[in-house]
Structures are given as structure tokens and as C-alpha cells.
């Protein structure tokens, strides 16, 4: 079975970003997608701390402690960028001006319910940040996550077990073994990794899967992760 | 009398701050923390504070100093998780029941502060609906969608960081330094800015990011300027 | 009886503007007050179109069609001025950041109810502008108006007849013959024009007047109105 | 494909606008009227429009042209009184029952438009409480004061005026030209700006007053620039 790596999952999601979109990337795997945009697609990345037009991370020595993204990375700006305050930034997010947000996730339910903020680590304080606003309000919510937990339990479920980030919001899930749309009728598999059967995929999933008529093989190029951020 | 909001020490910037105050602290993503004033607040010693800050545990903020010193009884924030496996000072005090915690979605947090400064007592937002953070909140449907009612947040004191100030209190921010600072200044009775440089001469109108009418005191951490 | 002229009423109100205040002036007589600030008082005038720090009107030829106040006058900026959009401007007004608004008025009631926006001119369209926000939300509302209408009816009343601009908001009224505070107990006369008795003032007023223990004579200097704007 | 939101004619700027649209028009105090686009809207001929504009009768705006041409069925504004004793075209049509009118306090008007662009379906405001304009509005008490509930305003089209644009749609305004323009752009499905000059090169980040992500089309009325 050909599982996708973290970078390959990011690459796969990046292929679906359309020209001209305004995109917000969550921390973790999602932020990697900006490295894998297909050539010719001109995209603005928004960071919820108010940066519109996040560019690559700044080179050491050319970084500015005030030019950061929501994940505290020292960044650069792309051409045409601007910076707004948090009130404006969340007005932009809540107002539905973000075309796509790509978020890491813990669980997605077949009705689109989405859990990514509270994994119930005992004793640790809560950390929600902008996740609920992004998940509830972006025009599309794409989730990148491993298909199963480390101990093999499914993350795609009939109902989420973990506390929700937002209800009925997830539109598409990119896992290491499949690309799955969340439709009004439930999960619809669009792509499935090489060497895994439909039954095997179903067995690793906690809700009923349907398969698109043109269900394709999930492929990603080899990526030299040492050379990428 | 000519207006001049510049003060010459961090202690002077916090003169008159009382026990029991609600204090807003700007800063997000590593930028905009008023760390000089936060330390001054620790030295000031005001107790029984309610903090309104995006994060209770950001490693680049000195918020932890006033948490560790026991000055804080309540935190309203969006992030309260320390980075390591061990509990942060905030998490320890919170688990021990010494600090009360309210966690809000960040957009709700930002908008509630804006509302506080803008005379809006409450507003409806879609963020958080159907989640644990919205438990107990009033829900209402508009146009076929469910929203929760959030009340405004105001404060006695706001501490924010900017790049430049003038004697009128006008501020300009550098890149993502602004974040929550401008709204916090509007929502607090006393708004104090620390800046790299504070000049006597006015910032040109087109370079003012926050009008000085919102700022009560300015403290220059690097150069007083003339 | 020494009645104050329009400019003298503006002068009188200007004497009460304190150092460092943020002040919004309504069109008509109120806007004249900016000419009569006592020396040494450093004040910012806000105009609800977003100008903070309105200066004198621009000289012909040095005006800019984009540098205007809410009354469409071409203005200058004072030192330390800035300009914000309408959303910010009314956030400032509604948020209680205006120390004083000085407004023209039709009627003030003894409980502070205030009417200045709809004089019931038949057939004309409504014009409210920012009056309701200013009257409801400024820290103090001062009203400048003639004590009586042209046909002699009182403008200070037990209850307003005209449609209200805001409830219980007026704090002080400057008329051509008196300065009157609106207190929880009703109207309290602070100053009364030379040559008019308390009884005469009461006769020209539509609600019960009380008189301050130190009730003074209302005086204003002679003003060459041709030389002033 | 490289983003370029500049269009070469006012007609192109309004392509696709439909009958029955709600149209926001910026401008206040004589500044910020998109008068070239307003005339183009008259020439476009879209009918049955709802206008959202601060004034229905400002002498420096060309709003009256689309009123007189009979394209408008409803106006949401804060000022609808002509200056003279004779009735303005708007007032005549309103008195004749040909145009519906909603008059709001200006702060409520501004905030409702901001809310429309900011995903806030409704908010409470003190302005207008106890007046004829708040008749029938829901009232609620917060902290001992009465407020009215105002719903957000959104639109199909916003026409605004700025000074400079770049190909990304970033805008910078001159002095009081901005007024309602930025919020209207956020609240409309299609936001079109007319500007004195539109360049290919980006406006520097610190000079951008409205991010281009809110603007769909830019038309330069004076010089296309490069």
C-alpha cells in the first residue's frame, strides 16, 4: 500500500487550490501546501493575525519580528500583500471572504461535523485560536489528516467523538490513503491510494463510504522532504 | 495646554492602576506584545487582575510573569495551552483552581473587544455554534443559519505595542504588530502604548494607524526622540 | 434685553470646552464655536465623516475635494490629525469616545429628551445623518438654539412635541437668553441675559425652571460677524 | 495566471449587473462618490434597484441620475432631503409612492454594512432607541441601558471611489474619500472601484487602505498607468 507522506498530502491538497483564491492554511501539514502550488496559479494566503499575501518564510538575518504569521513563523510578503488588524482579519474570515481554509484535523463526521481543537489531553489548557471561525465561516473547509489514529482507530466517523470545532462544515478530506468529499449523502471517495482495496478503505473508516463513478488512484510525486520546509 | 501624552517611565505609564482591574494585553503570533509594560505591571503589583489576552501562555510574551506572580485571578483568551508536556505556570494555577478561565473563538474574542470600544453591547456570530465553547449561550436563527449571542468585552486598562507614536498619542504599527492592539485601546478606559520611538512632531495623517484620541499614555522603550 | 447673536451663542458654548477634549460640532451655529475657543485650550474636533482634528476651512485654491467635513465644507487638518472611515468614525461616536457634541436643536425636554432632526416640514424627505448616534452616545450633549421659535413658542418643554433624536441625553442648553443645565430634577438656570427677569425667562419657557444659587449674568463680547465665518 | 482586476471601460466594470440588484454607493460630505460608475449604471440601465447610500440627494453625487431615470425602487439611507424648497427628484418619487424609503441613523447604517461584510447577522445599538426610526425594532436591555436590534445589510454590487489602485485591487484613499467605501466593498458580492490611477505594480503594503481581496474590478477614470 502506497501511503502518502505529510508533504505528499500537502502536495495533493495544493493541486486543488484554484487560481485567484484567498486561502488560509492551518499550522502543521496545511501550511506546507503553499510549497506545492501548481505553476501558474496566483494565490493569496491569509494568516489570521492579519497578513494577506503570506510569502515564504524569511531567510535568517532578513526576518522581522513584526512580520510573522499566526503560527509565529517569521515570513515574507508576496507582491500585492497587505496587513490588517485582528478585527479586520476575523471580519474577513467570518464574513465568508476566505475561499478555502485547509486545516489539520482529528475527526470528520459524515455530515461534515469537524473536530480539530481539543484532543482531550489531560490537564492541558484549551487552545482554540481561530479554528472555529475558520471552520464555521470559510467558503470551503478542507481537512488534511491521517486516515487513522496511531492506534488504528478511524478519524472519519458517523459522529465525532471529540469536541467539535464547527458543525457541518468540512467539504473535503485529504488523508494519507484517500481523498474523500463530504456530500449531503455522506462520504464520497474521489481517490484511493494504490494497493488498497475499497473494502480495506471501508474497514479503516468509521462511516459508510460511497465511491465516485470516476474514483481515481491517489498519486503524489516523490518529495525530498529534507529540501522542503 | 499643548497635548503631550508621552511619559518618561514605565512606572508613570501605569500610575493609578488598581487592584481588581481588567487588563487587555495585545500581541499575537509573536508580534505586538507590550512586554516592557507587562513587566512594569508586575513591578506595580496590582492584584486580582482579569487578563484579556489572545494567549495566556505565548512564549514570546511576558504574560507568564504576572501569572506566576499571582496577580491574575481570571483570564479571557483563545489559547491557554503551554507548548511543552509539563504544565505551564498558567495551566498549573488553572488546574489548581487559582485562576478562572474563559476560552473564546479568536474571531469572537476580537469582535467582542471591538464591540466594547464601539458601543455595541452584544452581537450574533456563527463561530462556535454547536461547540462546547458555546454551551449555555443564547442561540438565534437568522436567514436559516444558527448564531450565538456574544456580549462585548471592555477593560480598565489596555497595554499595547506600536512602532511609532507622537505627542498626540497617534500610533503607527509595523506589519503584524497591530493585531488586537487598536481594538483593545478603544475598549479600555486607560490605554497605554509602548513604542520604539515617540516624537514631539505629529505622525503625518496618512501614516496614523490608530488615532491618538484612543491613547492616554505613551512610553518610548528605545528612544524618546524630539 | 440683551439677546445673544448666533456667533455670541457659539462663543458662549466655546468657553465651556475644556483642554484636551474631543468635540463634535453639528452644522449651523455649533460649527462656529471652533472660532471662539479660549486661548491655551488644545482641542480635537471630530467630524463624523472620519476626520479627527478638523482645522479651519481651507483657503480658496488650497482646498482638496477629498478633505471635507460632514457638512461638505472643504477644511484643513490641525497638527496631529488623522482620518478614518465611517465604520471607525461611528465606532468612536457610539463607543462614547466623544467628550462633547454640540448640536443645534428644535426642542429639549426637562428630562433631557432632545429633538433636532425632524421639524415636520411637509413633503420633504427625512434627514437624520449622524445626529441620533451623536446625541445618544457622546459623553455630553450640549444644545445651542434660540430660546423660542419665531412665533414665540418655547423650545424648552416638559415634553418634546417633535420627533426625538435621542432620549434623556441633553446636558446643557445655550440659548440667546440663558444657559440652562438639564439635571435629574429638571432645568436649572446657570446664566440669564441682562435685562430679563427670572419671571420673564420662566414665561418664555415651557417647563418649570430652577435657578442655580450662583446664577450669573449671561455675557458675550461683541463679535464682528462679517469678519468671522 | 497573474491577477489583474483592472478593466478598460466603465461598461466593462458593470458587466453582468442585473435588474433587482441591491447597490451600495459610497460617498459622504462631498468625497468618495463613484460618479463615473454611477453614470455607467444609468447607461447600463439595470432596473428595480435598491440603493444603499448615505444620501439620496447629495448635490455632489450623481445618485439623482439613476433616481430620475426610474431605475430605483427602494433607498436605504440616512439623508433623503433635498436642499431647496422645491422637492428633489427623489422626494417627488418618494411622495408619489414610486420609491420605498428606509432611513437609518448614520452609525447604524455604517455598522449594518460593516456587519454585512463581517459575518455578523445582527447587533444591538443604542442609537435611535426611543425615536420614530426605531419604531417596531426589537429592544433589549444590557447593563441598565436600552438598545435596538439591527440586522446586517448586504448587497449585490458596491461602487466606490478611491485614489489609487493596483492590479491586485488594493486601494488607497485620499483623506475623507474612504467613508463608507471600505465596508461597502466587504458587504457586496461584486465590488467595483473607480480610481484616479490604477497601476500594474503593487501599492506598498503599508499604503494599502483596503486589501484587494475585497475588490473585484478597478476602473481608472484618469490614467491607466503602468
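Lettered A, B, C and D in written order, each chain numbered from 1.
Everything that follows uses one rule, which is that contacts are C-beta pairs under 8 Å (C-beta built on N, C-alpha and C of every residue); 3 or more make two chains touch, one makes a residue touch a chain.
Bear in mind that the values here come from a model prediction, so they are computed numbers and not experimental data.
Of all chains, the one whose mean C-alpha position sits at the greatest distance from that of chain C is A. The centroid of the Cα atoms in chain C and the matching centroid in chain D are 30 Å apart. Annotation: 33 Å between the Cα-based centres of chain B and chain D.
Taking each chain's centre as the average of its CA atoms, chain A and chain D sit 35 Å apart.
Touching of two or more other chains is recorded for residues 111, 114, 118-120, 125-126, 175, 205-206 of chain D. Along chain C, residues 83-84, 90-91, 93-94, 137 each make contact with two or more other chains. Contact annotation for chain pairs lists A-B, A-D, B-C, B-D, C-D, with touch applied as defined. Listing the residues of chain A that touch chain D in their complex gives 19-20, 22, 40-42, 44, 46, 52-53, 77, 79-84, 90-97, 137.
On the side of chain D, the complex with chain B involves touching residues 111, 115, 118-126, 140, 142-143, 145, 147, 151, 175, 205-207. By the touch criterion stated above, chain D contacts chain A in their complex at residues 1-3, 114, 116-120, 166-168, 170, 186-187, 202, 205-206, 208, 211-214. Contacts from chain A toward chain B in the complex involve residues 47-51, 64-72, 74, 83-87, 89-91, 93-94, 113, 118, 123-133, 136-137, 163-167.
Here chain D touches chain C in the complex through residues 28-32, 54, 56-58, 60, 78-82, 87-88, 90-91, 94-95, 101, 103-108, 110-111, 113-114, 125-133, 163, 173-183, going by the rule given at the top.
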